[in-house]
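Consider the two complexes below, in which subunit A is the common component and subunit B and subunit C are the respective partners.
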Partner chain A sequence: MSVRLAWLGGRWAILLQFGALLAVGVVSVAPRVSSWVGSWKQALDFGAGATSLMGPVAAGAACLAYARLRRSVMSEVMMQSRWDWWRWLQPAVAVWALASTALIAVVVGCTSIASAAGVPSYWGSAWIVLPALVLLAAQASVGAAVGFASGRAWLAPIVVAGVFSVNLLASAQLIPQVFNTGGVTGTLAGQVFTVWPVLMPAVAAAGIVVLAVAAADRRLLWATWSRRCVVGLGLGALVVGWLSAPGSNDERYELLADPPQTCAGTQPQVCVFEETPRPLADLTAKVEEQAVFLVRAGVQLPDRFVQSYAVAGRDPSEGVVRLIGHEESRASVSEDSATNTLVTPAPCEQDFGAEPPYLAMDARHLLGRWLQVRAGIRKPAGGDSDRAWLLGEQDRQEAWVREVYRQLQTCAFEEIQMPDGVG
Partner chain B sequence: MAWDNRYVAVLRSWGLGVALGAGLVLAAASLLVGDVYVDLPMLRDQIRILHVFPGLAALVLPVPLVDRTPSLTLMTMRSPAVLSLLRLGGVVLASLPVVAALLLVGWTLPAALVVIGFVGGAAVVCSLVGLWYWAPMLGLLVVWLQWGSREQAFTAGWLWLVADLAALVVGGGAYVAVETARVRLRVRTAGTSSESRRPADTIRP
Partner chain C sequence: MSLVVDDLRCSYDRRNPPAVEIDLLDLGPGVCGLVGVNGAGKSTLLRTLAGSRRPENGRVRVDDVSLYGPDRRRVLGRIGYMPQHLDLPAEMRVSDALAYASWVRGVPPGAARARNPQLLDRVGLSRRATDRVGQLSGGMNRRLALAVALVTDPDVLLLDEPTTGLDPAQRVALRGIISDLTATAITVLSSHVMEDVAMMASRIAVLHEGRVLHIGAVDEFVTARGGPERSPEFAFLATIAGGGA
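This part shows the complex of A and B:
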């Protein structure tokens, strides 16, 4: 057994600690697997965000190891040796190496699952794991400092709870996102990681490592002037990192101007972001199935339906793909997503205005219900206010459908008129 | 009054003072935070930050359940079962401020008593893995936040009460049994000649 690992316990104890780190990593990514499985970047971000549980475990393990070290005569021997700070750091480095290995295993696991689900990979974004590794070092060193300064192993649970609570404070936006290394709930399709907001927590974390070592024992980083300079640098890093850390999670990502799309189908063609291609096949099939009934009613459909976040720069002759909830990540989509897509034949400014376009929303709703009734997906229930119209005269329905589809396509929302007795 | 200093010394060496202090801090925090919602990556939905406190209590409060002076325990004249029961009782007492705070913010009694149920669960883990008990408790915290803590906290009925008390009785009972057996075993092996074990210093027969 290597001397570096000796303070962590025997071989089985070390294996158990690795197992615990890996287990909490899995616990922190597993509940949202259905959300990140459809996007490689989100899977990467989620794996890196596992620090929120793995960090506390690393801190607890380091606290136990350093309390043991402090209680032994070896701590004095270490302090008298030539490379005192390095010898002192070795158990913490060992804990950090275990935690980092577990984190990388979780990240590789998440991204592999996404890849296996047929999602393209974006290795250029893999650098976001680095800040997560530095944060793990900071969390482990805080545990080490508490364990060594107090010599009390029973403080470990309190350190764990403390490190976990700091993450909560960031989640509640009471402090900057200094301890946030990932875990976004959106797919990140059409977005990229912004460099500085993602790296700043790492700068702060490096500062925390230095300050924690200095706080553990004065001799370590306060003995000579050169060491005091290191502490000064650490303090500076913490201040700079803290002040320039993003205030909210959204600042970690920015929108791409023109995200690449992947398309399928012909009547009409359906395109989704290239990064989240899982729903494409099923969405295309369902859209083509329902589109037939609109075409039969004499509606002129757009040639293409395209997924996007913004109206600006969009071709006004293209429809908009609208997926419900987490269906961006799923291989199968609901009929409602296909209907929502078909009843949004153009990107309109009004949809993103201050006041929601209530009339257009009502019209899309009725149009969608008509389409689903016609396609045999839905039957109007007894108490529905539009039941009479939906079961009424077909020619009048189709005339309204053609008219309202043209109005939705030209964003002429103010011209929309609901059928008599409906809406 | 020598005797009451002695009790204070025992309370401190068991860590009950720290546990009670932590209980009061958690209780005060749960009264202060109000209705803040947080979005934790590992959870599907947003949660009220208040729901974190029973989980944090399960992490922090059971500290006294782990024996910090095992060699001293071997020398005591009291039954080891009584000592374990006293530790468990002390931790339950230390968790009462958190229960009271949760009642004050509108949780029903069965929901607030989940803290005591967690103590029971932590007790059995403590007897198995000692000062590493917080690792499984961290997992329990996530499970609790993910599935246990929704609007039920305001409506929970007798089923929760039964579960809480059952966790305390079963977990606590297992803890007392394991700790007692451990002390008895060490005392027994200490009296006999043992090559492999370090003889424990004991005056028990």
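This part shows the complex of A and C:
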């Protein structure tokens, strides 16, 4: 056994710790696999966010190792070393290395699964793993400090719970997002990680490492002025990192002005973010199938339907792709997503205003139901308020469809009139 | 070779009297027995002499180099320290434990590989090199702790209660090993077993409530204070009862 792994236990104990770290990492990402599988960046973010469970386990492992070290009195011999602080830190470094290896394995696993699912890679974003690794170091060092200061191995479960509860405080936004390294529920398509809000928690975490070591054993970092300066720097890093850390998770990401798209189909053409291409083929097929009925009714469809988060800068002649829930990540989409896309033939400011465009929403809803009835996807039920209209005269329906589609296409929501007896 | 303490004060708590308070103490050369009752400050003094515990005041000088001064690194490697209860990881093999101790003390790997088998031989553990530390008896564990103290081939050897907890046979065996360590210029041996000190040390320092009550040759100490029986225990008790002199 390598001397670098001393105090972590025997070979099997080390394997057990690594297995536990890997297992909690998998537990933290696996339940949401259907969410992140369609986006490499989200897979990366989710993997990096596994620190929320892996960090507490690393802290517990460090607590156990340092409780042993304290009881062994070997630290007295370490203090005789030229590199006393490094020798003392070695077990924590070993725990951190185990945890980091497990975290990287989880991240590589997540991103590999996403790549295997056909989404493009964005290695330029991989740097967000570094702050996660620094946070793991901070969490392990807290466990080391508690273990060494107390010499009590039974505190390990309490350390695990304590470190985890700090994550909960951050999730509840009661403290800054110092311990948040990822786990976003959106696809991050068309978004990039912002540098400082992601790095600042790492600065705070580095400060925690220094202060934890200083608190664990006064001899380590209080012995000389140069070492006291390191403690001062650590304190400064914690304060600066804490105060500069993002207040909410949303600050970690920002929208790209014009995210690249990938397109398919011709009648009409359908485009989704290049980063989340999985639903494109199925969405295009379903849009084309449903679009036929609008064309037969005499509707002039936009040439393209394009995915977007914002109205600004959008071509008003292009429709808007609207996917339901996590369908951005899935290879198959619902008929409703295709319908919602077709009934949004233009990007309109009103859709993003303070007051929801209720009339336009009602019109899109009825138009979508009409389309799905025509396409044979649904049948009007007995109690539906629009049943009579949907089963009524076809010419009148198509006249309303043409008119309302033109109004939706020109964002003339105020001109919309619902059919008599509906709405 | 010299090991000198001056104006030394070690405190754990400012509200209480210092654990160690010594104006001047010259511990070399040869073997010096450091005796005192439990809580007399022996372990604190040894840790301070080892370089493990920075004193609140005063100096420890090894060949006139301050152990806690800017040239500390020059002398650290010359000191070997055997703590009272060294408890190495039970799952480690004996040879690995010594390799680990060598790494901790900064011994180059090549030198450690060449030297550690000899060390194990010196402490009588060469046949147990592949055993787990947890399989060793109490006496063997103390011998391993002694080997750990010797990994840097020190000039100064500090032994904190080396025979505590050992049965008579193990105690005699360990005494023999320590007595054979002739390469060490200065050995400081703390114990509350007067027999050990009388057998192994040429000089004795009596520590009581952190202060040195007496330092001198063991023979003279026993002759002058040991009563008609020339008992080391009696000499020790008479010294702490009388407050020194």
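The working rule: the second predicted complex is superposed on the first by the 423 of 423 C-alpha atoms of A that agree within 3 Å, B and C clash if a C-alpha of one lies under 4 Å from a C-alpha of the other, contacts with A are read in each partner's own complex, and residues count from 1 in each chain.
Keep in mind that, in the parts below, contacts are C-beta pairs under 8 Å (C-beta built on N, C-alpha and C of every residue); 3 or more make two chains touch, one makes a residue touch a chain.
Small disclaimer: the values here were computed from a predicted structure and weren't measured.
Applying the stated contact rule after C-alpha superposition, one finds that A:Ala388 touches neither subunit B nor subunit C. Touched residues of subunit A were counted for both subunit B and subunit C, and B has more of them. Legend: residue contacts after superposition of the two complexes on their common chain; A:Leu53 is shown touching subunit B, with no touch to subunit C.
Contact with subunit C, but none with subunit B, is seen for A:Arg82 once the two complexes are overlaid on the shared chain. Shared-chain residue A:Val29: touches subunit B; no touch with subunit C.
Once the two complexes are overlaid on the shared chain, A:Val295 sits clear of subunit B and of subunit C alike.
Residues 47, 50-54, 73, 76-77, 79, 81, 83-89, 91-93, 96, 99-101, 103-106, 148 of subunit C touch subunit A in their complex. Residues of subunit A that touch subunit C in their complex: 1, 3, 6-7, 9-10, 13, 68, 71-74, 76-83, 87, 219, 223. If you check the complex, the residues on subunit B that touch subunit A are 15, 18, 22, 36, 38-44, 49, 52, 56, 59-60, 62-63, 66, 68, 131-135, 137-139, 141-142, 146. Per the touch definition, subunit A reaches subunit B in the complex via residues 16, 20, 23-24, 27-29, 31-32, 35, 46, 49-50, 52-53, 56-57, 60, 64, 153-154, 156-158, 160-161, 164-165, 167-168, 171-172, 182-185.
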